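Both of the next two complexes hold chain A, though its partner changes from chain B to chain C.
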Partner chain A sequence: MADVVFLALSVITIGSAIASLEFRSLIYGSIALMGTLGGIAGFFLLLDSPFVAMFQLAVYVGSIAVLILFTVMLVKRELIFKKIEDKRRKFVGIALMLIFITALGSVIMDSGIKSITTDEPAVDFRTIGADFLIYYWPALILMALILSGSVTGALVLARRENVENDQRTD
Partner chain B sequence: MLELSSTPLVIIAILGTVGVLLPIISIARKEKGSNSFYAVIAFSALIVSIGYVAYQFISDNILPSALFSKDVLVDDAFGGFFAIAMLIVAIFTTVGSFNYMRKKNYPAVYYSLILLSTIGMVLVAYSTDLVMLFVAWELMSIPTYVLVGFIKKNPSSNEAALKYFLFGALSSAIIVYGISLSYGLTGSTNIGEVIHGYATLDASLLPLALLSVGMFIAGFGFKMGLVPFHQWLPDTYEGSPPTITTLLAAGTKKAGFAATIRVIVLGMVVLNLDWTLALGIIAVMTMTIGNIAAIMQKNLARMLAYSSIAHAGYILIGLAISPYSTLGLQGSLYQIMNHSVMKGAAFIAVTGIVTTLAVTNIDKLKGLGRRMPITSLGLVISLFALAGVPPLAGFWSKIVLFGGALDAGSTIWWAPWLAIAGVLNSALSLAYYGWLTRKMYFEGETEKRVSEPKSVIAIMIFSMIFLVGFGIYPDPIIKFVEFAAPTLSLDIMP
Partner chain C sequence: MSVIAPNFKFSEFVKSILDNAFWMLLIFVLIGLPAVFIALFYIEMPVIDGQLLTPFLALTWLADPSRTIPILKAFMSTDLFKIAAFPGFGFAALIAAGTIFVERKMLAKLQLRVGPFYCGKFEGILQLMGDGLKLISKEIIIPAKADKPIFWAAPILFVATAAAFVALIPVAPGWVVADVDVGLIAVFAIIGFFPIITILSAWSSNSKFPFIGGIRALHQMVSFEIPLILSLLGVVILTGTLNLSEIVVSQSNFPWIIFLPIGAIIFFITILAELERIPFDLPEAESEIVAGWLTEFSGMIYGLVQLGTYLKLYAFAALFVVLFLGGWTGPMIWPPFPEDIITNGITIGPITAKIPGLPIFSQEMLNGVLWFVIKTVGVIFFILLPRGVFPRIRIDMLLSLGWYKLIGLAFVNIFIALGLLYAGVLGPGGILQ
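== the complex of A and B ==
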C-alpha cells in the first residue's frame, strides 16, 4: 500500500514540478508549484512526520505558494519577461539531470540503506519545539535576520525607478 | 553552554541590531540620500565588532581551535581567526563604499545588507552544527544576491545577480542534500556527532557517507569558485558593484573555506578517505585554469576574478595535504588572511578607478600610475603580494603552503607535485600582473593627475602597511595562524 501511495505522490510531485516549469502561463505555473509542495507534504506523512507535513502545508502551500500567486497576478508580467527558448540547451539540461539522478540513485540503491530498519516512534512535536528553543536558538535568531534582510532587499529590488521602460521587451 | 558574552553572540547582537535598525532609521528620517551617515554607523559597528574579537583574543577568553562542541556554535580561535579576516573585508567594503555609494539610492539598505551578510560569514566559521552552518550560509548569501543586483539600471549588474542567485540556490540545495544524507546516516546535525557516527558507520553505508562529503565539496565549491564550479564567478564579479565584488572575492569565498575545514577535512580524517587526491587534482586544475584564463582577459575586474579562482586553488593545496602535514592547514589559513587583504585592496582599487575614471578596460589604464598614484601603488603592491613576490606578506603564506606540500611528500608521493604546480602557477600569474603594471607605469605620457577618493586612499595605505609590514616581520601573523589552525588527527575525535 505504502509503495502505491509513494509512487502516486512521486508522480504528483515530479509531474507538477515539470508542469510549473513548462507552463507558459505564470498563474498555471504557480498552481502547479502548489502541487509539488503538497506532494512533498505527502512524503513527510509517509515518513511518519505529521508535524513537518502540517508545517509544509501551512507554510509552503498555504502561504508561500499563495503569495507567489498573488504576486504573479499583481505584476505586469508581459513587460518583464521575455520568452527565449533554446531547445538544444533544454535537451542538454535534461540529459545532464538524468545522468546526475541515475548516478545518485545507483549509489543510494547499491549502499546498505535498505538494511536500515526504522521502527522508532515518530518524533514528538514537543521535542522538536524544545530542541529549537534549547539547542538551535542561535539559528532561530539568524533566521529572523535572514527574514529581515530578505524583506528589505526584496523591497528595494522591487521598487520602481523607471526600470520598467528600460526592461520593456517589446 | 554558550555564554551570552561569547564572541559569536556579541557579533550577532552588534551587527544584527545595527543591520536591522539602519533601514528603520532611514524610514524615520524620510530621506533617500545621506550615504555617509549610514556608512559611518555601519563602519562603527564593524570596528566595535573587530575590537571585541581582538579583546577576546588578548584576554584569553577564546578556546584553542576546538572544532567540536555540544552547542551549535563554539567560541574558538579558528572562528576568531576567520572573524578577523572577514571583518577586515567588511570594513574594506564599507569604507570603499563611502565614495562609490554617493548619490545612489537606498544607502541604508545597502549598508544593512553588508552587515547582515557579514554576520553570516563570521557565523559560518563559528558553527559546529550543520543546521547552524546552513542558516549562517544563507544569511551570508541572501543579502549578497540583492547587493550584486543593487544597481538596477545596469543590465550587467542584473545579469550578474541572476547568475549568482541561480548558482547560489543550486549550491545551497546541494549542501542541504549533503546535510540530509549525513543526518539520515548518523541521526544528528552536530558536526562532532556526525563525524563520530561516520567513524562507527556500517561498511555497507560508506558510499552514502562518501556521497554526502561529495555533496559538501560541490556545495561549498561553488562559493569558493573551485573548478569546475566556477562558471558563474567571472560574470558576477564583473557585473556587480566593485565594492560588493570585494565582499564576494575576499569574504564569502573565505566562508566557503571555513565551512570546508569544519566539515570536509574533518570528515576525511575520520572516514580515512582518499578525497585528498581528488582535492589535490581540483587544486591544480583550479589554479591552472584560473591563471590561464586571467592572462586572456582585457577587463581588470574579470582578470582579478580569474586570479581569485586561481587563489582558491592555492588555498586548496593546504586542505588537500592537511591530514599529512600540520603545515597544510596553517598555510591555508595564512593564505586566507593575506588573500583577504590582498584581494580586498585590489578590488577596492578597482572601485576607486571606476568611481573616478569609469573604466575597467586594461587598455584604458595606460598612465594610471600618474593619474591615480596612490591607488596604483596600492594595486601594484597587492598584485605582487598575490603573486608571492618577496618581501611582501603573500610570499610567506606561499612559502608555508608549498613547504607543507613538500613536508607531506614523505607520506604521499603526489604532494610535492602540488608545490611544483603552485610555484609554476605563481610564475604564470606574474605575467599578467606584470603586464598590467607595465600599462599603468610605462605606457601613456599625457595623463594628468586626478583627485583620488579619500576612502580608497585610506584602504590602500592600510593594505600597503599590512602587506609590506607583515612581509618584513611576519612573526606575529605566523604565531596567530599556528594558534588558530586545528590539528587534524583521530585524537581530536569528539
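== the complex of A and C ==
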C-alpha cells in the first residue's frame, strides 16, 4: 500500500517539478511548484512525521508559493523574460542534475541509512520541542533574534506615515 | 417572470412530478414486477436459518428493527458516514444553510426591512431552496479570455478546502472525522490554501474587478494569518497539546476565554477578516469593485463558492468554540434514555416489541452535540451581527490594524499565558488542573 502511495507521490513531485520548469505560463509553473512542495509534504506524512508535513504545507505552499504567485501576477512577463531556446543548455543542465543526483545518492547510500530500523514509532513533536529547548537552545535563540530583527525591520520599512498623511484628503 | 417558462406554476410543477411518479409505478407493477418474478423463477435463492430467502422474507427482515438497528449502527461508525453526514459535510452544510437564511432575515430586521418574505407561506422560509434551484438552473457564463481550467477548478477546490477544514472539528466526544495529533497545525496549513485559491480564481477570470478583489483578499488573508496563529499559541502553551479533542477535554472545568480573553478577541477579529465579512469585506466591496473576486462567477459556480464561504464560517466559529468556549463540555441537560424501553421494550396495546441495540446515540454524545451547536450558533450570531452595524474600513486601516495592533496584542496574550504557566496556576502541574 505504502509503495503505491510512494510511487504516486514520486510521480507527482518529480512530474510537477519538471512541469514547473517547462511550462510557458508562469502561473501554471508556480501551480506546479505548489504540487512539488505538496508532494514533499506527502513524503513527510509517509515518514510518520505529520508535524513537519503540516509545517511544510503551511509555510511552503501557504506562504512561499503565495509570494511567488503574487510576484508573478504583478510583473509583466515579457519585460523580464526573453525566450531563449538553447538545446545545449538544456542538455548540460540535465547532465549536471544527473551527476549531482548520483553523487548525492551515493553519499546517502554510503551513510548509515541502510541500518535504520523503519518500524519504530513516530517521533512525538513534544520531543522535538524538548530537544530544541535543551540541546539546541543557542541555535533557537539565534534564530529567534534574527527573525524578530527581520520582522521589526520589515515593519519599520513598511511604515510610511508621512506619505500616508499626505494622501489623505481630510 | 422568467422568460424560459412564462406560465410557470408551482402547482403544475408538482402535478407533473406526481404524474411521472404515477406512470413509473404503473409501468413497474405491470412490467417490472412480473419481470422480477420471472427472473426469480430461474435464480436459486440461498437458504438462511433453514428458510428460503424469498423477496417477502427479505422485506420482513428489513422491517424488523432488531435486525436493522445493528446495521444502522455499523453504518454510523463507518468513515463514510462521518465524512458525508454527521460531524462532516452534511452537518456543516445544514448549519451553513441555516446561517444564510438567518443572516438575511436578521439583517433585514436590524435595518427595519422585511427580508425574504414571499417564498414559502411563513416568513420566506423556502427562500433558500428557491435560491438554490435558481442557481442550479442558471447558465454558467465563462469570460471569453478566461483561463478555463483554473476558472473551473477554483470553486471546487474552495469547497474542498473548506470541507477539509470542517473535517478537523471535533463535535462530540469521539465524533470527529480526522482526529490528528497535530490538529491545530493542520488547521493553519488548510487556512493557508484559501488565499491561493482566491487569487488564482481572481486571476483566471481575466477581468479587472476580480483581480483587484483577489489582490485585496490576498493582502488581507496573508496579513491576518499571522495574528491568527499567534493568538492561538496561548491555548497551546496552556494545554500542551495540538490535538483539538484534547484541547476540548482540557476545558472541562473552565473555558480558556476566562484566562485568555485577549487571545479570544484577537482570534474573533481575525476570523472576521479571514471570512471577508463586514467591516473587513474589502475583497467583495460591492459598492467599489462590483463583487470583488466573485464578479465573474455565475450559476452553480457562484453557488459552490457561497457554500464554501459558509462552510468556512461554520468551521471558524466551531474552531472558536473548540479553543476558547470549551467545545462540547457543559452541564448534562439531555434527558437519559428511558430504562424501561431497554429492559421491557415498547408496549403498544397487545404487542410488546423488544428492540435490542437501543439507544442509538449515547446521552453524552447528544448532550455534547447540543452544547456544541448552541455555542457555535452563538458565535455565528456574533460573526453575523457586525454586518448590520458597521461600515467598511479602508485597506490601509485594515493592514495597520493587522500588522501593528493585533500582532502586538497577540504577544501580550502569549505573555499572559506564559505568566500563568510559570506562576504554576494553569498548565501541566498547575493549581487549577
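Please note the rule applied: the second predicted complex is superposed on the first by the 119 of 170 C-alpha atoms of A that agree within 3 Å, B and C clash if a C-alpha of one lies under 4 Å from a C-alpha of the other, contacts with A are read in each partner's own complex, and residues count from 1 in each chain.
Note that in this section a residue touches a chain if its C-beta (ideal position, glycine included) is under 8 Å from a C-beta of that chain, and two chains touch if they have at least 3 such contacts.
No experiment lies behind these values; they were computed from the predicted model shown.
One of chain B and chain C touches more residues of chain A, and that partner is B.
Looking at the shared chain after the overlay, A:Val107 reaches chain B, while chain C stays out of its contact range. Looking at the shared chain after the overlay, A:Pro138 reaches chain B, while chain C stays out of its contact range.
Of the two partner chains placed around the shared chain by superposition, neither chain B nor chain C is touched by A:Thr127. Of the two partner chains, chain C is the only one that A:Met34 touches; chain B does not reach it.
In the superposition on chain A, contact of A:Phe70 is made with chain C only, not with chain B. Of the two partner chains, chain C is the only one that A:Phe55 touches; chain B does not reach it.
Across the two superposed structures, the residue set of chain A contacted by chain B and also by chain C is 155. Residues of chain A that touch chain B in their complex: 104, 107-108, 110-113, 115-116, 135-136, 138-139, 141-143, 145-146, 148-150, 152-157, 161-163, 166. Contacts from chain A toward chain C in the complex involve residues 27, 31, 34, 50-51, 54-55, 57-58, 61-63, 65-66, 69-70, 73, 125-126, 155, 158, 164. Within the complex formed with chain A, the residues of chain B that make contact are 2, 8-9, 12, 16, 19-20, 23, 71-73, 105-106, 109, 112-113, 116-117, 119-120, 123, 129, 131-132, 135-136, 138-139, 142-143, 145-147, 149-150, 152-153, 155, 202-208, 211. Across the complex, chain A is touched by residues 147, 150, 180-182, 185-186, 188-189, 191-193, 195-196, 199-200, 203, 211, 215, 218, 222, 225, 240, 242, 396, 403-404 of chain C.
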